[in-house]
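In the two complexes that follow, chain A is the common piece, with chain B as its partner first and chain C second.
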Partner chain A sequence: RYEKLIQEPVDNGSVEESESAGSSFPPTFSLSTIKNKQRRHLMFMKLKQEKRKQKLELRKKRKKERDALGDKAPPKDVPKTIENQRVYDETTVDPEDEEVAFDEGTDEFSAYFNKLTNPKVLITTSDRPRGRTVRFCEQLATVIPNAHVYYRRGLALKRIIPQCVSRNFTYLMVINEDRKVPNGMVLCHLPDGPTAHFKVSSVRLRKEMKRRGKDPTEHHPEVILNNFSTRLGHSIGRMFAALFPHDPHFVGRQVATFHNQRDFIFFRFHRYIFKNEKRVGIQELGPRFTLKLRSLQKGTFDSKFGEYEWVHKRHEMDSSRRKFHL
Partner chain B sequence: MAVKSQLCSVWVGSETGILKGVSLSKKQAFNFCEMSCLTRDQEVCTMAWGDPHETEVLIGCLNGRVKTFSTEKGIFTESRECGDLSQGRFTGLAVMDSSLITCVESGLLKVWNEGSSNTAEINVGTGVCRMRQNPSQRHHVATGGKENPLKLWDLQRPDKSIFTAKNVANDWLDLRVPVWVRDIAFIQDSNKIVTCTGHHQVRVYDPSSPQRRPVLETQYGEYPLTTLSLPADQASVVVGNTHGQLAILDLRKGLVRGCIKGLAGGVRGLQCHPSLPVLASCGLDRFLRVHSLKDRTLQHKVYMKSRLNCVLLSSRDLELLWLHIPQSWPAKPKLPLITKRGVCAFFGVQGLYISGSNLPVSSQSSVSCKAGTADPGGPEVTVPASAPAWKILPWLLLAVWWN
Partner chain C sequence: MQHDDVIWDLIGSKQFCSYKVKTKTKNFCRNEYNTTGLCNRQSCPLANSQYATVREEKGRCYLYMKVIERAAFPARMWEKVKLSECYERALQEIDENLIYWPRYYRHKCKQRFTKITQYLIRIRKLTLKRQRKLVPLSRKVERREKRREEKALIAAQLDNAIEKELLERLKQGTYGDIYNFPIHAFDKALEKQDEESESEAEEEDDEEGEDEDKGRREFVADDEIEESDLSDFEDMNNLKVSDEEEGDSSEEEEETEEEMEGSPGAKSKGKTPLKGPVRKKRPYVEIEYEQETEPAPKSKAS
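Coming up: the complex of A and B.
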């Protein structure tokens, strides 16, 4: 019986091999029909080994052909990545488009970009924050110049907003906390501007960063916004840009980066130094976190009665792995 | 310019003040704006057809001007000053016997005559969100807004409203239900009015019945409903809310028949085609979408670069729109498909269609058949609408053979 048990995989294996060697017709059996787990596992391992062998042979053959051609070999193909395969978004902004330029030039951030106002940020949290969120807010306040942290005493946002407007604040940033960890951010541009709601993840405070530099100074940092290509991306990018003052102090050599990749926005804060003309050294200071846009609402914070310019709808928008919105 | 505007079957007004015309058959959008100097206070607040033949589009702008755009000539022909920024935005535009009716947010409803003297001026209450004209009785106008209940006005007797809706009874906590009428529509062939509110309710009122409270009330979603529109077949209504959810509600029982997916931003403008099961929607996500109501799928999606405020569908270009909804119609033609309103019948042969009129047609009237595409020279065959299939078929075959 034991021999029989061993023989069967061998038999099936030979059937399997001949089929995979032939491979012009689909196999008439599939691994999932084998009920015995050990045998099924054996078959699966065999299948994987076969595939690996074939892949190696193919690669060797291709390398041989490439070496044989020598100089005349065609250039290597660019490997496919998800960013390469990204579905073209028709809302991608064309820099020469007049209408989009007019739309951007006269939107809610035009006051900042025409240098009429200076940013003043109010940072607060959801009610009764825990230590991690409190330290995160303090570090954010060192990173963003002219930012003030206030304790949220259970006050309603809709009542805070008119008071902020009267005290000339331009931004209201609320860090939401869940289970002792910051997990959301509401960024509201103040006079009557859009409100963005983000999901915050991977928060690393200054203590947890390895090989970091000294604490950030009071110099205004430079701002880098990467890869905000669509119209929605432009709006969000302008929102981040308007958080920081216009004139960066290059003396301070500090830079805040908002890098958008696959709809996730990575925030990093570095200090750089040019060793010579070609080489730069950077040290990371400051907190790092990732943001994902959940909704963009026109007007100040009003989640019930406000009009949404963009809402993330998971089942409709996340169906394709190659389609991004920012 | 004139050629471009004659092609367009959908007109959209944007927040930047640009009037956009979209030609669905050519899949192109054109901008029609006066000069290269645009300002944000020329933002389009409302749009309406200037005449029943849909050759003129009236555009109400934020700064109080009402501009007239001629679709045949492709230019703005007229511009009138009908209010200013202090009175609020335009909430409704209508045309009655060559006089213009405008309503603003502060509640001033004015009738502007051709000469410079304006006659009736009615104060409908503050916080008006929408003013709509009854398409069958053009001197009846309905208004409603935030804490401003639905009121039906007769312009020939402007001192008092014909019908003022009463608020519903207190809710289960015995609290007063707040009023916020966002959009109004008149149901055809009956006296009833449908409204949608900012508290996600849809209500049907009947002014001819003695009760001033709504005849039917339903709720949809959790977000304010911004617009509604009545499709060609009766007893249903399409509503859109600030989250970009579009739903078709049944007005007989008040149930949701289905939802239309695809919009990412709040719906600002919604219009159903008068005879085809087609719906155009525009919103804050800068896209114009045309859906088919039969299977709720997306037919066209056009990116317009600014946030859109209102949309107008022209009913004359039936054949162009019809060519793009093959999948919503049955593959085999069901004869006869000529109803009382003369809706198009579908045949597999090269664009044979039967154009109908949009006005209510009595059962004894005839429907004219025209073979070929946009060629006016084809044979015009008149067939009584109430004729059975075997009488119509030979005429249709004759028309096919002719072409």
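Coming up: the complex of A and C.
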């Protein structure tokens, strides 16, 4: 019935022929000029079918050619992924770059990396935390060795910071909470180190994890930092590395991973076991969450007069889907 | 007086009053001059020609009074008296201004004034503390970020990345001597890489001094691997701190070997003994076969 409808003479060019069969459409024909919705839809479906058919033919032809050539066939094209197509960032770190090495030797984390200081972390929340956030803080404290959770009783951060410094804390971590769910993290390196503000999402507490293992032990975990390629990424990576003590206890077989993918940093905590030298089994314990960097500030936390090294500006930085900053 | 009763008769219950808010149990009055906020005969500013209330403006409290003499002049109907900042003195002022007024109005005005001063104090205290800044979220942006995060998670292939990194670290020897795996298989793996690794392998061979394995690698591989693998597992057992972790490792084997999911009957409870030649390069399934004898039919007992 619908075919008959289409074959009626219509003002907008010939409707019987399809595009590939030497259509007799006037060159200015476009589907959007057909006013009737049903007919327009049908025409569009036909168009799509034609395109699909052509694509399939092309693929078959190529496959035949490739089979015919056998071994001499040219190698398959590498499929395009977002990581392949990423816009090259000028601040990408070259592993042998001396300037970067020099900078990293003298920045705020050099004290840690030269094994002068041991990390000591203070974890707190925003005012009046709800159950989920409190439990998240507790679990974080088990994951990070030498971490202390303190209840924030309406204290101003600017007043907490000098007290922490005097008690030899190296890190201040504030989990911000909104509607009973943690949604932000401020990570402040203490003796006037950089302050990073992250957006926290997809928090899974320990009891929500499927097939998890037992609770983490007191052993110092190892740290894996993946894909921090730019200068900014490097400094954030070092920030995460300085959270954990230097000497990981290999006996504990625990590993904390910060994996950066497309500007999202995924945190996972696993226990591993080597079955043989080719295979390793990992079992997830501990909380998991994702972070997205929102701003990096040079000094300690100061929202009014701080000097921002990097701020995420949505309209400038989110315009391209292939450009990442970490 | 007549006027008031008639007015109340109409707006109180029978007809419409635009200031009235009806709820299940109570009626409220939205008139800004109402002292109590309830819709009563005594608290209605429209149905009482003599009325008094207290209102605050920009932190200062004023006493408003309405008398029947001015009922004809709506512009001048409410007399506004500024009350003192001091609480006690303001109460006295209320008393002085409403002298000879019915007790009800004095009482209600003072109550309202007390409430107002309490909330003003609270406002002043709160402004000194840290204010919570509400940042509006754009729904479109949030949805976009969520979607991108999901896709990034899929692209990240975290488990594979972590496993690869751990194996890299094992190869580079960051773990030292904790794990001792058979050397020639190690060498095989290293030979696949560049020549530099090969020379390292030779050094390792020299150090360990297992010359026998060099020549016979290809043929005797299976048997050798079996024995040394067994020793390996024993070593790994020694490494494990408690019995519980054995259970963990068998669970891991169940979880990480994908083929196992397809064969639920093959789950092994304890340590899995090696059966048959272990094919190193292919993923393999370990299946325990139990020979069950048929249970004796019950009829036999009787």
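Just so it is clear, the second predicted complex is superposed on the first by the 287 of 326 C-alpha atoms of A that agree within 3 Å, B and C clash if a C-alpha of one lies under 4 Å from a C-alpha of the other, contacts with A are read in each partner's own complex, and residues count from 1 in each chain.
Here is the rule we use: contacts are C-beta pairs under 8 Å (C-beta built on N, C-alpha and C of every residue); 3 or more make two chains touch, one makes a residue touch a chain.
Everything numeric here is computed off the predicted structure, so don't read it as measured data.
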Chain A as common anchor, with chain B and chain C clashing or fitting: fit
First (chain B), second (chain C), both or neither touched by A:Ile82: second
Touched partner set for A:Arg66, first chain B, second chain C, both or neither: neither
First (chain B), second (chain C), both or neither touched by A:Arg314: second
Which superposed partner A:Gly306 touches (first chain B, second chain C, both, neither): first
First, second, both or neither for A:Thr257, with chain B first and chain C second: second
Touched chain A residues, chain B compared with chain C: C
After the two structures are overlaid on chain A, angle v-u-w for chain B, chain A, chain C in degrees (C-alpha centres, nearest 10): 110
Touching partner for A:Thr91 - first (chain B), second (chain C), both, neither: first
Chain C versus chain B - closest C-alpha approach in the superposed model, Å: 13
Where chain A meets both chain C and chain B, residue numbers: none
Contact set on chain A toward chain C in their complex: 81-83, 127, 154, 156, 201-202, 211, 213-214, 222, 224, 226, 250-251, 255, 257, 259, 261-264, 266, 268, 270-283, 290, 292, 314
In the complex, chain B residues that touch chain A: 15-16, 18, 31, 36, 38-40, 198, 222-224, 226, 242-244, 261-262, 264-266, 268, 284-286, 303, 305-307
Footprint of chain B on chain A - complex, ascending: 90-91, 97-100, 102-103, 106, 231, 298, 304-311, 313, 316-317
Chain C residues touching chain A - in the complex, by the definition given at the top: 129-130, 132, 141, 145-146, 148-149, 151-153, 155-156, 158-159, 161-163, 165-167, 169-171, 175-176, 178-179, 181, 185-186, 189, 229, 232, 236, 241, 244, 248-249, 251-253, 255-256, 280-281
